[in-house]
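Across the two complexes that follow, chain A remains constant while its partner is chain B and subsequently chain C.
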Partner chain A sequence: MIEVKSLSKFYGKKAVVEDISVTIQPRKITSFIGPNGAGKSTLLSMVSRLLDADTGDVLMDQTDVRKMKSNEFAKRVSILKQSNYMNVRLTIRELVSFGRFPYSKGRLTEEDERIVDQSLEYMGLTDMQDQFLDELSGGQRQRAFIAMVIAQDTEYILLDEPLNNLDMKHSVQIMKILRRLVDELGKTVVIVLHDINFASVYSDWIVAMKDGRVVKDGPTEQIIQSDALKEIYDMDIPIQQMGGCRICVYFNS
Partner chain B sequence: MIFNVIKKARNIEMLGTAMKKRYLLLALLVLSATSLFVGVSRISPIDLLNIHSEETQIFLISRLPRLVAILLAGAGMSIAGLIMQQLSRNKFVSPTTAGTLDATRLGILVAMLLFANATTMQKMLVALVFALAGTFLFMQILDRIKFKDAIFIPLVGLMFGNILSSVTTFFAYKADVIQNMSAWLQGDFSAVMKGRYELLYISIPILIIAYFYANRFTVAGMGEDFSKNLGLAYKRIVNIGLILVALITVTVVLTVGMIPFLGLIIPNIVSIFKGDHLQKTLPHTALLGAIFLLICDILGRLIIYPYEISISLMVGVIGSGIFLYLLFRRKAYA
Partner chain C sequence: MRNSIKMMILALVAAGCCVLYLFHDLNGSFDYALPRRAIKVIAMVITGFTIAYATVVFQTITHNRILTPSIMGLDALYMLIQTLIIFFLGSDHMVSANKQINFLISVAAMMVFAMLLYKFLFKRGDQQIYFLLLVGIIIGTFFTSFSTFFQVLIDPNEFQIVQDRMFASFNNINADLVWLALVIVVGVIIYAWRLVKYLDVLSLGRETAINLGVPYDSVVKQMLIVTAIFISISTALVGPITFFGLIVANLSYQFFKTYKHKVLISGAVVMSVIALVGGQWVVERVFSFSTTLSVIINFIGGVYFIYLLLKERKKA
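== the complex of A and B ==
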């Protein structure tokens, strides 16, 4: 369980994240949603220690994350930011092998190799493992990065807008994979999402942010409600029930 | 059309095969042997049987040190370039295009002005401080530039280098040491002799350290966030890398002079065929750098025999040609 306690981050005098407290439930997909500039990515970066918070604490199973060694932290929490490392020529397998870096510092043991094989298999990348990343499509590349995170074998997987620049097919593919990571492997997934319908269909819990504060925090079906959405986005969004999914029809509201 | 495509594919495949380590080693051995026996005085292997002959003396005092210097400088500058490209995440950054070489030269000047008869050690230390400061300053500039265009960054580096260079020229002019300074500008192996090049041996342990850190440099090359995710102390690794680069550059400039472009083209060629996993590409880069420099040196010695074309001119001409080719080709693979 990750507990965020009155976390704030200031750039100059402006608070990007202001006094946020949320709890991230284990073995669930939690989505951070909200308008642009709400502070979602900043919050995610602070939880994953990429950014230092100005005030407040992040506790992971009652331990202050700042007190953990970076190597130990890397074995428990992985974070993928919007990836644009495209000028690096690594093969898929080489990239995924780096997921084992916190464990073996690059000198892979047989156990590491086995885990790399499994991660590639899990993401359906085994046949193309020797291709270079810069020769892949956006969806394949995103799958390769997720395979690396699987190889990193952390309890917590944090993703910052993993669907950016992906087409519908690949977006659905990635979200299904995240769902399987939670349901089959017992991971805890936290994602920043822009598309509210992906959040609605795939997540268990939603944290809605606006202007650096949390405005709504609860199970998905409580947040995907017209009145709650009005508060988050300032839009009247009707909700349709379709095939067991709650879909927000925001296109003409 | 189709024929051309097939031909091109075959060429690339052949080049890729030629990139195998054992072929590179073979080429290196043949070229090294050639280098030892090319020169104004004719030396044949049989002469070497007589230890006291003049030929043997030339061989030991001039030819052998020259070969060693070429091998170490070639491997060293290429690795320095490779590390810089990885850490700056830009394929066109190298000691030439990031001001490291110019900062080193400024350092040598300062050493000469401060200590009237500077020893090699003093020059080296002062030059090292300047090379480090110059490189760190460039990395700071790089951090602050929002417009991270592949071509723009090295241009900034070249401008930065030119500023340092004009400062050097100004003070060298004032102190009347212009001629002395231009000796450091032009890379030249003809002056390499026993007793004058041994500083270059420093690059051997540096190359070993670089190999030891190869994986960390690769991870750091993926960016700060990526490195932190894997628990890597990003800033420390970048600093270690830049110190290694500065050390290599300083030893090469002090013993041989400036060799432009080498750190730029060699890592790029290797990257096209072998990718950017440093642990796998470091040996190839070192080997190819040494081979390329050997070829340039042998050609430079033969073209206007019995005179010599300086190595920096040879590398400059051949290297800039290859560099242009890479620029045009870049769109195809990046």
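== the complex of A and C ==
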């Protein structure tokens, strides 16, 4: 379980994240939603130690994450950011193999190779594992990076807008894989999403942020309600029930 | 597998260059010429190693393939130290004339400068690397201008000695310095050994590296210090030659086309040995000392640098 306790981050005097406390439920998909500039990515960066918090603590199973060794932390929590620019030319397999670095420090064992194979299989990349990343489409690249995170084999998987720039087919594909990671492998997935319908259909829990604060925090059915969304987005969003999914029709509101 | 064959060929060529340099035209002078040549070869290997290693590491840390560690202003500081010593103490003063003392003072000053720079800048948290480079460029320029100022005021005869130190040269190497440098370099290699495995991950970028459990700030800091030590040693040993690193590092990237730093660094080291030992042989036997190696290196390096710039521009 990850507990965020009164976490704040300031840039100059402006608070980007202000006094946030949330608890991430294990073995669930938790979505962070909210308008641009709400501090979702900053919060995720602080939870994953990419960014130092100014005040407050992040506790993982009652341990302060700042006190954990880098390598031990990397075996338990992985993060994938929005942009993944690299200076080197790698094949998909080489990238995915990097996911085993916390365990093998670059010398892959047979066990590592097996896990890499599995991750590639899981993301449907086995056939193109020897292609270079810079020759791939956005969706394939994103899948390769997610395969790396799967190979890292952590309890917690944090993803910062993994659906950015993806078409509908690939977005659905990735969300389904995340669902499988939770349901089949017992992972805990935390994801920043912009499309609230993806959050509605795939997540178990939703945390809504606005202006650096948490405005709503609850199970999906409670958040995907017109009055709750009004508070988050300042928009009147009607909600339709379609085939068991709650769909927000925000296009003309 | 193919990379290991390439590496073997390169290593053989490097060994060939060393043998050629040591034994060509020796005329049986095993007692006199051979030990002197051997010292030069060791000096060139140390220089080649330090420059190649430092440049590859520096470029990985900064994610930039057209930077050299000289951007930190270390060689500018070296020139300033030499100019100041000769300006204030004169060329016949012990600090200038005694090579050991001069070496130690230069290395110590460059190290102190690098440490202060890092200490000052690493207090500041995020995004510090480009800020560090910017400060390095500005201080380097300041050192260069300051040296020029003193060089204009200096006695013309004394200036000749300063000028001599502005170019890297292997023609006049002190044996004691070579052994001293060798000890320091071996010590640093052993110290940095456990950090090399992190370099491959560092080239994936800061966020991915942290995600994969690299203690990023500490590794980068230690690697920058290693770079500074290596640059200081090679500069104090033969003179400013960091431009050379740019060539061998990029040749190694193009030749081996891999992300593995053990291969890239070894490749760059072997290539720099070939260039230095082979080049010095050409300078001595073909041009019969009418030019210096660093002039040739700067010429070839300059052409290559322009080629790199044009190529990078096309890519963008």
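Note that the second predicted complex is superposed on the first by the 249 of 253 C-alpha atoms of A that agree within 3 Å, B and C clash if a C-alpha of one lies under 4 Å from a C-alpha of the other, contacts with A are read in each partner's own complex, and residues count from 1 in each chain.
Going forward, contacts are C-beta pairs under 8 Å (C-beta built on N, C-alpha and C of every residue); 3 or more make two chains touch, one makes a residue touch a chain.
Because the structure is a prediction, the values reported are computed rather than measured.
*Asks:* Is this a clash or a fit when chain B and chain C both end up on chain A?
*Replies:* Aligned on chain A, chain C clashes with chain B.
*Asks:* By the touch definition at the top of the document, which applies to A:G106: first (chain B), second (chain C), both, or neither?
*Replies:* both
*Asks:* Kindly classify A:E94 by the partners it touches after superposition: chain B alone (first), chain C alone (second), both, or neither?
*Replies:* A:E94: touches chain B and chain C.
*Asks:* Looking at A:L50, would you say it contacts chain B, chain C, both, or neither? Reply first, second, both or neither.
*Replies:* both
*Asks:* Should A:V58 be classified as contacting the first partner (chain B), the second (chain C), both, or neither?
*Replies:* neither
*Asks:* Based on the superposed arrangement, let me know which partner A:D134 touches: chain B (first), chain C (second), both, or neither?
*Replies:* Touch partner of A:D134: chain B, not chain C.
*Asks:* Which parts of chain A are touched by chain B and by chain C alike?
*Replies:* 48-50, 70-75, 78-81, 85, 87-90, 94, 98-99, 101-102, 105-106, 152
*Asks:* For a test of understanding, state which residues of chain A touch chain B in their complex under the given definition.
*Replies:* That would be residues 48-50, 69-75, 78-81, 85, 87-91, 94, 98-99, 101-102, 105-106, 132, 134, 152 of chain A.
*Asks:* Residue numbers of chain A touching chain C in their complex, please.
*Replies:* Within the complex, chain A contacts chain C at residues 48-52, 70-75, 78-81, 84-90, 94, 98-99, 101-102, 105-106, 152.
*Asks:* Within the complex, which stretch of chain C touches chain A?
*Replies:* The contact residues of chain C facing chain A are 63-65, 125-126, 197, 200-201, 203-208, 210-216, 257, 259.
*Asks:* Which chain B residues qualify as touching chain A in the complex?
*Replies:* Contact set of chain B toward chain A: 89-91, 150, 214-216, 218-219, 221-223, 225-226, 228-233, 271, 275-277, 279, 333-334.
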